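Shown below is the structure under consideration.
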Amino acid sequence: MKGREGILGVHTRKIPLCDDVNVPVLARGTAGFSGADLASLVNEAALYAARCNQKTVRMLDFEFAKDKVLMGSERRSMIISDAEKRITAVHEAGHALLTVLLPHADPIHKVTIIPRGMALGLTQQLPVDEKHNYSREYLDDQIAILLGGRIAEEITSGSVTTGAGNDLERATELGRRMVCEWGMSDAMGPLTFGKKEEQIFLGREIAQHQDYSEDTAIKIDQEVKRIVMQNYERSREILIAEKVNLQKVAEELLVREVLDAEQVRRIAAGQALEQYTRPTVQPAAAGVDEDEARRRKERLPIMGPVPPLQKPLPAD
Amino acid sequence: MKGREGILGVHTRKIPLCDDVNVPVLARGTAGFSGADLASLVNEAALYAARCNQKTVRMLDFEFAKDKVLMGSERRSMIISDAEKRITAVHEAGHALLTVLLPHADPIHKVTIIPRGMALGLTQQLPVDEKHNYSREYLDDQIAILLGGRIAEEITSGSVTTGAGNDLERATELGRRMVCEWGMSDAMGPLTFGKKEEQIFLGREIAQHQDYSEDTAIKIDQEVKRIVMQNYERSREILIAEKVNLQKVAEELLVREVLDAEQVRRIAAGQALEQYTRPTVQPAAAGVDEDEARRRKERLPIMGPVPPLQKPLPAD
Amino acid sequence: MKGREGILGVHTRKIPLCDDVNVPVLARGTAGFSGADLASLVNEAALYAARCNQKTVRMLDFEFAKDKVLMGSERRSMIISDAEKRITAVHEAGHALLTVLLPHADPIHKVTIIPRGMALGLTQQLPVDEKHNYSREYLDDQIAILLGGRIAEEITSGSVTTGAGNDLERATELGRRMVCEWGMSDAMGPLTFGKKEEQIFLGREIAQHQDYSEDTAIKIDQEVKRIVMQNYERSREILIAEKVNLQKVAEELLVREVLDAEQVRRIAAGQALEQYTRPTVQPAAAGVDEDEARRRKERLPIMGPVPPLQKPLPAD
Amino acid sequence: MKGREGILGVHTRKIPLCDDVNVPVLARGTAGFSGADLASLVNEAALYAARCNQKTVRMLDFEFAKDKVLMGSERRSMIISDAEKRITAVHEAGHALLTVLLPHADPIHKVTIIPRGMALGLTQQLPVDEKHNYSREYLDDQIAILLGGRIAEEITSGSVTTGAGNDLERATELGRRMVCEWGMSDAMGPLTFGKKEEQIFLGREIAQHQDYSEDTAIKIDQEVKRIVMQNYERSREILIAEKVNLQKVAEELLVREVLDAEQVRRIAAGQALEQYTRPTVQPAAAGVDEDEARRRKERLPIMGPVPPLQKPLPAD
Amino acid sequence: MKGREGILGVHTRKIPLCDDVNVPVLARGTAGFSGADLASLVNEAALYAARCNQKTVRMLDFEFAKDKVLMGSERRSMIISDAEKRITAVHEAGHALLTVLLPHADPIHKVTIIPRGMALGLTQQLPVDEKHNYSREYLDDQIAILLGGRIAEEITSGSVTTGAGNDLERATELGRRMVCEWGMSDAMGPLTFGKKEEQIFLGREIAQHQDYSEDTAIKIDQEVKRIVMQNYERSREILIAEKVNLQKVAEELLVREVLDAEQVRRIAAGQALEQYTRPTVQPAAAGVDEDEARRRKERLPIMGPVPPLQKPLPAD
Amino acid sequence: MKGREGILGVHTRKIPLCDDVNVPVLARGTAGFSGADLASLVNEAALYAARCNQKTVRMLDFEFAKDKVLMGSERRSMIISDAEKRITAVHEAGHALLTVLLPHADPIHKVTIIPRGMALGLTQQLPVDEKHNYSREYLDDQIAILLGGRIAEEITSGSVTTGAGNDLERATELGRRMVCEWGMSDAMGPLTFGKKEEQIFLGREIAQHQDYSEDTAIKIDQEVKRIVMQNYERSREILIAEKVNLQKVAEELLVREVLDAEQVRRIAAGQALEQYTRPTVQPAAAGVDEDEARRRKERLPIMGPVPPLQKPLPAD
């Protein structure tokens, strides 16, 4: 983090910062960013501020820039088959519906099947307030939401795809941290397991260093699996019960491409949506209206099905 | 990927790019390419565009260049004994026939026993549409097709050769990713296993980092084996039932050297092929006709028997 | 340590040091400081001495500087929801009450819910005298105090949060050292386990090197868990018995933000506190009064709930 | 391989190459060569071409040079005790006789007890045709032949020596690859085990990376042992049955030092050899006659007993 | 060692060496010294020789310098609470008494509770003659003596402290070497276990490389524990039987701060010491008298309770 | 080896070499020598040749130089207590007597208790002829001889010392290579275990890379132990039976310091030695007589008790 703070310090020196900009907080919120990413971040923020005729760059501008760097731009031109679009809609509908139905989840902000960066769709949540710590109930619900995409595919089509890979990885990671870092497994007790090994020159943590016995490793695996599976079952029961609404969200997504929080909540409540009129022109990236400002506060959304980039499928 | 994007950026700066060229997509599609490979890629694409009297280099040209860099040029002059040619024909026939007989496979484009690069033969599939994610059924069929070469050798000659090594490696890899990355094993559940360790300076992922217990490792191995073996048995049953057609495809390959999709499908349907006349002159790499353009879209084909290059056989 | 001593030698060369400054002792007390941290340390100490109109920089000034470098500055402006503030107050109340109730603990100096650096609150203890070694009883009590934050959350709200992660890590570390370095487990006997591997160029110890069998590793894990769990149960029994006072400390913390040793002791003794008048102005960092000087002697306090910085929650 | 190709490219730039020289093929065939080895290779090839009054350097010249670099020159002056000479003769006779008696082996070209490089003797096989892949039967026979040297020592002298170390290593390696890379163990199935880790800067593969569980490791070890032991028993039965001829080959080797394919076959067939007359002068390395050209095509022969160079025997 | 020899060669080039100085022996006796340590060593030796009006630097001077570099200077000004002083006195008394009571131990030279370097006290032994090898009995007694400090704490106060950490580490190390390097465990037999891995550029051995199975590792752990525990029990029985004298040595240490060999032996024999008169002035480091010269021959003494420097206690 | 050859090439360029000097053989025979060692080697050889009035440096001179570099010079001035001298004499007598009594051992050349380099004594064997490979019987006897020093200590004094550490390490290493490299364990079969990992830049092999399962590791450990223990028992039975002669050899070593082959054989045969007259002057390193030339051919002798240099005993 110190490294990122230093790099941000260098890049922000030349631009007029608003008083609300807190470089250490920025550094903390950009874990995993490379030096080049941080340079882009500052640059995008400055450009955005300029475009909005601001004299200084505010924290809000940095949040906007972070989203763009993290997720890439929207890619409306990406060619996706109808079959894949349908799967994506179902997948996102699974995430979206659960954010409405689970009691401790951050509420939904928006769900879309317009591809952005590498993702075919996105479900964005909006925290009620700035959280610094997370309760066990919140984490359980978040795991359930992450698994919701895969489950939605299963219960509507009976099949599954590689698209949920990233969701499963994040759910597993959350489960593992509940057990190993946050003492949230009664079987393991209020101890922590594994030492973080930081790779010093690169300023990022590489991997947990295993400092426990195989016996402990087995118990950790069992507890992580138990946590993920319990949330999987919970999520599955909800989505099966709500299958009609799940399919309705997916259908509306195929028609409208984007649903906002209100629309998802209305479908979940069994209410009809207003008539949809396909816009004649796609709105360009406009000025900073109220909604935009709010959107900028959003954190890293749940990405929809992500093509397995890093290792191309051996043969097709 | 960022590294490759940067390198591609440098090399493409000096050449006129068509609007359809998307450098990030190129970077994503060239995982495992070294800096030198990327330089060749850009060079070959530019040469090819020039040869076709184009003013700009299109995405298509890059696809063509990628094939050449990946697979090497055709090597008609390579000396191969008749026995090996026969084994290669049988091996490729196994791959080819399965692409026709399995319901979720990408359809065949071409199969050949003309050596290319390091491979003694090739089976090329052509995706129906651009896929971003893969279903469990698609992956199962692809494993079955990869194993088809080895199985064809077994059921026709009763023996097996080292030539299937690369196929087996790819099938095992697919099976492992189904279990560890895509949550497609019911026994393991919707969790992921192993952390990807990227080697930062080289921009390529080195190996999965094992972050689970031996107990979990044993279960993963069992599941990977189960998946591969089920597809092996499925593939074997099909090829035994279709042994006559398998041998027919092999025979035709020995005669014609190349079979296109239509020809393979006709043999599979029990129909006779048109009379074959050996061409008097081998056609040189001609201009970009329709078929060529289509061929360029193809992805990495299944390579036929590949000699075990990297470790020469200790003694013969 | 030699490395830190050298770096400190370079930085202190240019400032007038009081006779009581012992560079090797400073070096010893700054394990884990980077070169930049050490430069800040010397700088802050010099600034503080100057602000107090001293001609030389005393050991006291370095202690003050160390606290600031370690913990960061107070962050009164940080926005924290009422819910989180309440959890923090309960959490700190757990730590604070135990320092009063456990017989071998260093007595409390101060407890606060004003955020400082990354921590949402702090509980500071003040050693009766400079300790060079620690008894088994002292270490047991310290583990119990560290676990007190998590336990206080559990018994008042029935839920737990990620905020105790750092406490659990420190308690586990203490338990592990009792077993592996200090021969304080009867089951393991008066032996040590694991070799310290120093990373020479960076002058800091990386990790314990495991030089024992899996059997021994299993026994170590069991002993560490036994030690932590025994103190957890002990701590839990005390806090359940003292639940009324625990909530009283938390309530007073929410009102006053800071409680000193006397105030915590009075609540623990069931006595009422003096009437609280919210100060109209927050006192700036004033001169060095008696209390300040005493405060400077304090060691690294128990940090309150710490947001899980290094790995941002995957999705919210 | 790319690295070797580059180095070869540099060295061959200055010499006139015949059209049949294929640098990538050369690079492939010189796995394990250092930069210096490659320089020697090109140099020896050029010298040899010059000595034969050729204007360009042909592939044949590179093959010759490779043998010399790989195996070193003949060392007729090396002092070897009669006892060791006898053991070497028996050892080589074991290899040689098996090449004649096993059905899928490459036929013998020559067997000698004239030391060459580090080896006290050599058995050279000559492939019937250029193989690109190897059948299971061929590999089994090759393992049997490799073990033949050790077995011959056992059944004639009742003792064994360190000289077979290299043979055993190569047999074990072949067995391991049959199991792990070529899917030739029914127990393990058509999967591969272990990832090849290439050491990038040096262009050579370092070691198989174990990516499987201990359970799988145990099964792999059992299968490799089974394969090697089955061929050991097979080889042993043959050589015990042919013990008279084995000793005859050894005797003739002690007399003539070199036996060609015809001579070994005649002994194996129970026929007498022509009268031997010790040549008065050892023929110098002459011009390129038919036989020489043929010899150059040979691959890496089975080296006779190799003294354990790398770790000198602790004490003698 | 070669490295240290070279460094010593450079530093000693400029100073006049006495004939008895043997640089290789010096190098051997300074295992673990850094380059800077070696420079200090030569410097201190030269200063000491100058202070004694010698014209050349003798081996004796190097021995003196080594002690100083190794242990640091006396630190009479260090503030230690009475409680800690008492624990230190008991701890040192345990070491000291055992040197007198164990038959194969090197006799005691001096015991003190004046802090030196990082240690709160020291027990120094004086070898009867220069040993090159050590008997099993000697090593057993040395382990017993090292454990004596911890045991003395236990049987007098019923509690234990972290101060014995270094003693336990050294006792464990000795036990491990008896088993793994010196074949002194009948259960393990006359074999050695583990390869020493030297880190070449730094000239010091990093760690034993485990080249044995888990089964063997378990047996090694059991044997090391058995050896340490047997000596612990032996040591404990002696000190319980001698508890009166143990407390007497501790009391005298608290009064006199230093006891010489004769004084310890007299207390052990139940005799009274001469009346103690606190000296008015602490004697400065004087010239080289007989006793000093003798003291310089001493090896690395057993350090008294050592504060756990490297990892500061997480919280107090 | 290539590295050493290169270094030797550089150093020998400037000195006149005799025709019998074979640099690759020299390189092979100096495994483990550093660059500095090789420079010393060439230097010593040249000095020795000059002292003998030779015009060229012969292989013999290099052999002599190698001994000196390897073992160091004689150190008659080293101070050794009578007790240690006695242990050394018994230890060497154990080695020496076994070389005479074991049938496959290289015969003894000389045994001495004059310290040389780091060793307190030496037993030198002289091979009957240049061996290139070693029989199982030879290796067994060599292990027995290596263990003879420790056993001699045991059966004469009932105690053991650290002095045998190096012998045990070499015996274990031989046993391990018999099992893992030379296929000499029937239980493990004719396979090899472990890959040699060469550290390329340093030109020396670092360690065996474990490429087998834990099951195999356990069996290897058992076999190595079995081999070492069988030879230990064999050696022990012989030395107990020959205890009178063992003590006689030790007594004579204490009187004469050196015994030659004939003298050891006479004692072993129960014959008296000629009267001993202590020489008035120790003969200086004289010219190259017949015996000297013969001595130079000797290989690395068995070093007598070696003080444990690398890790100094923690405390004495």
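Some notes on this structure:
As written, the chains take the letters A, B, C, D, E and F, and residue 1 is the first residue of each chain.
The rule is simple: a residue touches a chain if its C-beta (ideal position, glycine included) is under 8 Å from a C-beta of that chain, and two chains touch if they have at least 3 such contacts.
For clarity, every value in this text was computed on a predicted model and none was experimentally measured.
Looking at chain A and chain B, no chain is in contact with each of them. Note: the chain lying farthest from chain E is B, by mean C-alpha position. Look at the CA centroids: the one farthest from the centroid of chain D belongs to C. Shared residue numbers account for under half of those found at the interface formed by chain D and chain F, and the copies are therefore classed as meeting with different residues. A separation of 58 Å divides the Cα centre of chain A from that of chain D. Remark: chain C and chain E have CA centroids separated by 34 Å (rounded to whole angstrom). The geometric centre of chain C is 67 Å away from that of chain D, both derived from CA atoms. Annotation for chain C: residues 214 touch two or more other chains. Chain contacts in this assembly form a single closed ring in which each chain touches exactly two others. Round the ring, from chain C by way of chain E, the chains line up as C, E, F, D, B, A.
Residue ranges of chain A in contact with chain B, taken from their complex: 34, 36, 79-81, 83-84, 87, 120, 147, 150, 159-165, 168-169, 171-172, 175, 202, 206-208, 210, 214, 217-218, 220-221, 224-225, 228-229, 232, 305, 307-316. Listed in rising order, the residues of chain E touching chain F in the complex are 1-2, 28-29, 31, 106, 125, 127, 129-137, 139, 142, 145-146, 170, 173-174, 177, 181-184, 189-193, 195-197, 200, 205, 209, 211-216, 299-302.
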